[in-house]
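What follows is one structure encoded as structure tokens, with my remarks underneath.
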Amino acid sequence: MAGAKATKAKVRLGDLVFSKSATAAGTLILITLAAVAFFLFIQALPAFLPEADFHSKADNPLEYVAPFIFGTIYGSLIALVIATPLAIGIALFISHFANRRFAQTLGYLVDLLAAIPSVVYGLWGILVLAPFLNPTYVWLNENLGWIPLFEGQVSATGRTMLTVAVVLAIMILPIMAALIREVFLQTPRLHEEAALALGATRWEMIRMAVLPFGRPGIISAMMLGLGRALGETMAVALVLSPSSIISFALLTSTNPNTIAANIALQFPESGGDYRSLLVGTGLILFFITMVINMFARYIISRRAEFSGAN
Amino acid sequence: MSKLAKLTALAGASAIVLAGCAANEVDADPTATSSSSTGETTTAALSGTLDGSGASSMAAGQEAWVAAFQDANPGVTVNYNPTGSGTGRDQFEEGLTFFTGSDSSFKDEELATPHPNCSPADGAVFEFPVWISPIAVFFNLDGIDSLNMSPATIAGIFTNQITSWNDAAIAADNPGVTLPDLAITPVFRSDESGTTANFTDWLAKAAPSAWVKDGANVGSIEEWPFLGEGAQGTSGVVAAAAAGNGTIGYADASRVGDFGTVAVGVGNQFVPFSPEAAAKIVDVSSVKPGRPDTTVAYDLARDTAEAGVYPVVLVSYLQGCMDYADDAMAELVKAYAGFIISEEGQNVAAAAAGNAPISQATREIAQAILDQVQ
Amino acid sequence: MTTVSSALKASSSLPRWFNPAAIIAAFGIALAFDTLAGANDPESGINLLAVGFGGFILYTLTTYIASRSVEGSRKATDRMVTALVTTAFLIAVIPLVSLSYTVVANGLARLDVDFFTMSMRSVVGEGGGALHAIVGTLELTGIATLISVPIGLMTAIYLVEYGRGKLARAVTFFVDVMTGIPSIVAGLFAFTLFLVVFGPAGAINGLAGAVSLAVLMTPVVVRATEEMLKIVPNELREASYALGVPKWLTIVKVVLPTALAGIATGVIIAIARVIGETAPLLLAAGFTASMNYNPLSDKMMTLPVFVYTSYANQGVDAQAYIDRAWAGALTLMLIVMVLNLGARIISRVFSPKG
Amino acid sequence: MSKRIDLESLNVYYGDFLAVEDVNMVIEPKAITAFIGPSGCGKSTLIRTLNRMHEVIPGARVEGHLRMDGEDIYAADVDPVKVRRQVGMVFQRPNPFPTMSIKENVLSGYRLNNNKMSKSDADELTERALKGANLWKEVKDRLDRPGSSLSGGQQQRLCIARAIAVEPDVILMDEPTSALDPISTAAIEDLAVELKEKFTVVIVTHNMQQASRISDMTAFFNIAGTGMPGKLIEYDKTEKIFSNPSQQQTEDYVSGRFG
């Protein structure tokens, strides 16, 4: 009797400890995120006090950070514009066009791009891609210079916003393609067959069944890719010729830097209130990516009602 | 499950093999120049880690000093982080480092600022030149190895006033050279740097009417004030210049390699850079007056017309506390700084970086200051 | 009758040789044009981008027009989309090939014994190695794994086995948010955390770097583990409960072993993801030329930072530094690939057969 | 409109696996032909060969001849897309496109070939097809609602409307009522009987009452064991199959003794 009772108590204890520690681990995630925001905030605070002194590196925190916010969003959006159609194309190629036997191998191949460290992308960007693209920039500038994006004195080195956007696009491509591919592969067979049975060609079947089904997946992949591009640091730091300027021109030497790259370049050489300011820009970046992520989650959660039929 | 365990064990084993000691650390490389004496300062067995930071222009010299010093003192690790001078001084001010290599001397307000690693924190600091190096103005133009340019021309180029290589101002100083009709891309340091400070100091003094922005002389400035092709650090400037055609930049002369270089106008002649021509500027300059006698800083005569002087130079200083809160650190700094200003130390650096050694007289002054460090 | 039956047939289709012929012709013409255009400017050489783009446009247009006239507009659109989609894939493969080639071609020069047996201490110019960086990377990722795997595993268990209500929803949501933390922000966090707790002298060390990596790694581990735990069939759990096994033992003895291979794969992929992180380590772990086995004090070198600093802080013999940077990059890529391969093997060998 | 289908020594493969062996039969126009048999006997596989949907599965292929009014639909120069336009198909589970409205669903097949159709033509075709599928009265006021908003039986009739909107010659139904309740099933059965006035109708069913209720001809398929190919055992008029089959296997199956 006493033994049975003891066993029962012991069992309860094990369950209790285990469930509590699992809950604690989950809570720790929340605490960590709060801590990230908190520590960044208290370190950034001095920069936003009126007596902050930035040693002539910045006059006003908001004026200082504005070009970087612009550069971060601008570069990432261009990267997204380049990467999205490619990612959809790659995903379609692997899910619906390539020979099934090779499809998986091709998928691995694209996934390999995701395995390459960003610093390697940076080296490749400045040493291979920038010189490769530069003649095209000259051509674009000469022939399409009337478009504001291509105006201005074209860079002699190719270290421009467009090169950065291309590098970022390549970097976010694998994660986007993988996500979209998964969604495309989940297209209900029934819908694909319904389209085919109506006499649709492969493309018509994709248009009728695959793309509408995959649309939320595409959007959330875009958001994820955008989040990645916003936070990408080393590739931008190595490739871009940075300035503190807000400019839409894509081909000049004068490019708005991104928040992340600016931190990486300036932080090891910073001190005092200026470093606080850099931490503050990091906090801003954190919030920007958080908002993007929340939006992505909102889109994904809407998908549930979207495909209510199944 | 056992397969998994084996796999883990294998991974662990290979990690242990990898984690073996670095071949160059425990047994000092016998072929290295460890046999030679490193001066009187390395008598006792020193140990510890000495962190310093500062000018990237003298990174090559610091690397050579660190290497030779660590060979002689295997227990010591010196980390010199080439962050740029301004940051180096900031980090010293914050107590993150124990010495600074700086392209510019302490500003007056910095001398008065407390330094947490000193004792007392607002106590005296030392500062003396350890490194003199020409800053080369270099360019990337096919088929042209050297050009003559007056300070005003260089200022015009770097203020984006002269935009083409076949501009009359350049052509006038280079009779017989076929200049291409090509846009000039000036490349500058996007980070704060002493190289920029010295280069702009020279422009402000030698070409006061051309080195202007919004109608006023820009003066000496650590962060580049104009728009254009910016690049991080000396390596970034060199890489950016190499990547484009028609680029022009400025960097420590030791790093310009195969680029074409500019002979700058001094008085009525054009002087190409050389360590000797650079060292001469100290002879025609005077020490800044009215500063503590533990500091030796020069007022460089950038606008000199003296024959054979290359005025675009960088004189870098070593900076630290006269009295360290941590005695072990004092000992490390004394030993390391003593090695730097020793004849051997200066030669080690000159051999590695091609700069100009400081003179015997300067070395003696520096050693006298260093002897008081505690 | 004849009209009806002929409706079955592909009215008429382009011959089989059309496609390869069109590709060759299109790119040939594009190349010829580029050569002609560049004839008066001998320096320009062949602009591969222009040839590729021009050839692609030419091929797509030709095929579309030819197919439209012979096979009708629906087939033509189908062919055009096929061309577009295939091109998209090829465009993704080009940087992969170029990157791999560049890294291997440049990295092999210094991938020698010295590179794996020496540090950079007291090395000027040529020679030296990255042993200190390799050791640092292994230690840091090891510590990060030790931190993030238990937390990630328990969080996933919480979400799948226990989590109900607001807290679970919040955790799910913020794990996703955490997945999106920019790596540089993780580095800033670790740096500021250590700065506040240990002061300036203790702010930059291996542990701080490991913490920043753990912040990046944990959500990946949670996600991977969660997916794996979710696919463990409920029947297994119920069978275990029916035998009178308490819930926590069911999880430990039944659920986890079933999902182990998948979890191991997920952890390895998480490691592979953070092992190449540069920015956070640059801030939090710093860099040094010497060996440092102790993650609790002093700066610690890691491979990605080694690559970056070798490139960014070149010395007088610049080529030696660049060579070391590439060799470091190659080493890093090899490690990542071995990890990915390991993950594949584990998932293939150990996954429950069904 | 309606077409006769000849199957001549037809072998159906998945890769190297022979799924259905040596089928010879004639499917009559303006009649309902039912395929019955135990699970795995290949009846669904066979019906999918009639509109070349079988080959959508990687590695799947067909040997032998399959003629529609004398024309071999597996001939080298035949476009499968065109075959499928003439052979409509309704699947086991209703599968309207979830992102399209009811009207768009009906028109989806027709629009593939006729991008520019006037609104009045579209309205007219929608009404005709929905009436043909006995769905018009139920949905005429909500044509712009999503197709997935309908009940299961309505969705299935919507799929039939979608199939007949392209005016095919043959309609294939692969267990069209297996996911539906009895009332919806009855509606679909009534519809099938109406459809045979205009189309050749082939239906796969597990429900033997259904086959005997609505079909004119019945084909019984069986399989000797796992891994063995399915075979056509007996093909005859429906009354004959259910009252006096010539094969013992057929008798066992229709009398419920196995399967």
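We call the chains A, B, C and D, going by the order they appear; numbering starts again at 1 in every chain.
Rule of thumb we're sticking to: a residue touches a chain if its C-beta (ideal position, glycine included) is under 8 Å from a C-beta of that chain, and two chains touch if they have at least 3 such contacts.
Just so it is clear, the structure is predicted and the values come from calculations on it, not from any experiment.
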| item | value |
| --- | --- |
| Minimum number of chain-to-chain contact steps, subunit A to subunit C | 1 |
| Identity of the chain that, by mean CA position, is farthest from subunit D | B |
| Chain pair with more C-beta contacts, A-B versus B-C | B-C |
| Between subunit B and subunit A, distance of the C-alpha-averaged centres to the nearest whole Å | 38 |
| Subunit A and subunit D, separation of their C-alpha mean positions in angstrom | 47 |
| CA centroid of subunit B to CA centroid of subunit D, Å | 83 |
| Residues of subunit B engaged with two or more neighbouring chains | 81, 94, 96, 232 |
| Where subunit C touches two or more other chains at once, by residue number | 74, 286, 311 |
| Set of subunit D residues in contact with two or more other chains | 81-83, 86, 112 |
| Subunit B contact footprint on subunit C (complex, rising order) | 114, 116-119, 121-125, 128-129, 131-132, 134-135, 138, 142, 200-201, 257, 260-261, 264, 286-291, 293, 298-299, 311-316, 318, 321, 342, 346, 349-350 |
| Complex interface listing, subunit A residues touching subunit C | 11, 14-15, 17-19, 21-30, 32-33, 35-36, 39-40, 42-43, 85-86, 88-90, 92-94, 97-98, 106, 109-113, 115-124, 127-129, 132-133, 135-136, 139, 170, 173-174, 177, 201-204, 206, 224, 227-228, 230-234, 237-238, 260, 263-264, 267-268, 278-279, 282-283, 285-286, 289-290, 292-294, 296-297 |
| In the complex, subunit A residues that touch subunit D | 100, 188, 190-201, 204, 208-209, 212-213, 215, 306-310 |
| Subunit C-touching residues of subunit B, taken from the complex the two chains share | 1, 3-4, 7, 11, 15, 18-25, 29, 32, 49, 56, 59-60, 63-64, 66-68, 70-71, 77, 79, 81-82, 94-96, 116, 232-236, 238, 254-255, 257, 352-354 |
| Parts of subunit B lying in touch with subunit A, wherever the complex brings them together | 81, 83-84, 86-87, 90-91, 93-94, 96, 183, 185, 187, 190-192, 223, 227-232, 239-240, 243-247 |
